[in-house]
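Order of writing sets the chain letters: A, B and C. Residues in each chain are counted from 1.
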Amino acid sequence: MNDVVELINRVQNAYARCIDSGKLEEWPDFFEENCIYKITTADNFAQGLEAGVIFANSRGMLLDRVASLREANIYERHVYRHFLGQPWIVSEDANEAKSETSFFVARIMRDGTTEVYATGRYIDVYKLNGGAPKLKERIVVCDSSRFDTLLALPL
Amino acid sequence: MNDVVELINRVQNAYARCIDSGKLEEWPDFFEENCIYKITTADNFAQGLEAGVIFANSRGMLLDRVASLREANIYERHVYRHFLGQPWIVSEDANEAKSETSFFVARIMRDGTTEVYATGRYIDVYKLNGGAPKLKERIVVCDSSRFDTLLALPL
Amino acid sequence: MNDVVELINRVQNAYARCIDSGKLEEWPDFFEENCIYKITTADNFAQGLEAGVIFANSRGMLLDRVASLREANIYERHVYRHFLGQPWIVSEDANEAKSETSFFVARIMRDGTTEVYATGRYIDVYKLNGGAPKLKERIVVCDSSRFDTLLALPL
């Protein structure tokens, strides 16, 4: 198998486990210090609109976000379950890989209700770091343009 | 890893990307010139009933279908997001592989509604073409027998 | 690729196929003679509560369960479709592997309705048996605490 596919598969599995098990504080560790994290819609992305629903350009901003989520106590009210397709390698060299991966996230509310929360694709740039890839950029492109007000949570 | 699993994983990932990104015109390229493409239900399939909801026996028929979908302008009203399981290799030789793969397709309407659109399995015959597999036969067996009238879109 | 990931991927694919195609009688064969099979909720699991919705501690008990499901004729009324994430290897040695895998199960009723039935994770201990792994322990931890009364069916 393509080694990069395997590498990214593994790190994305860890990323999903981190969020799905509620270990939000560890989530920023999947990113480089200087990074882009953005959540946007397929419509906006297709039109080249820069604005995202969520935007961060450093790991510090991601940490801040986690802190405010904890304060707001929003996260405790529900959990996520991520499902990821195989990553599609758009390009790669020794240091960096660009990939795209379909995601599907189910949300399970405290009352037990389970629903399809979001589908879409990750458009990623990974710094490979000799086998310990971290995200230099993750643009989360959601298929739907209807957003839940809770979308501030990591996808 | 079994090389055929990897090969089919990759081509099926490309197949899903093609449809999910709306590049319908490229979809017939995943098939051999002489091919079978059929959508049917698990009930009909189990009873050996030949009739499918959709049937095509050449790449040309698939192209025709895409053309009429474009004309009817149906496709623009919603998008799909495919999720595929690992292919199960039923048999393989140097030229051909038979495989089965579970699929789950979410449909996202223009108003933002997301729903489970279809689940089922692909029953496939791939011509391997020395590493560039194409579908000789794809029977899409949907678990549900309740069909949306829009099912004419590729699965 | 990690050989154990590949091995477990393959056997879990077979496990899902077995249930999704209704071959319930073959399901206990995925387990060791002496085994634990338990279905529980994330809440109970997090609190260390031992009681599960379903509990079996031998392959014989799994066979008994299948027999009573057949008698009750429940299974015929609907089908499942499983989707599994990549297994996460928690630990492994030459004889045994511990892994965790996210699952998503859609349920398709006889009237055609399809719904998200359950999401969660398998917490597994596999005896590797020199390349033919069997489950020594499977704890099915469902994200939701709201259970359908039909949950007696295998997950």
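Definition applied: contacts are C-beta pairs under 8 Å (C-beta built on N, C-alpha and C of every residue); 3 or more make two chains touch, one makes a residue touch a chain.
Computed from a predicted structure; not experimentally measured.
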Any idea what the CA-fit rotation angle from subunit A to subunit B is, to the nearest 5 degrees? 120
Subunit C against subunit A, contact positions shared by both copies (same if over half, else different): different
At what distance in angstrom does the C-alpha mean of subunit C lie from that of subunit A? 28
Name the residues of subunit B that each touch 2 or more other chains. 1, 83, 104, 116
Contact residues on subunit A for subunit B in the complex? 1, 42, 83, 85-86, 88, 100, 102, 104, 116, 118-121, 143-146
Taking the touch rule as given, give the residues of subunit B at its contact with subunit A in the complex, in rising order. 1, 6, 9-10, 13-14, 16-17, 20, 79, 81-84, 104, 106, 108, 111-116
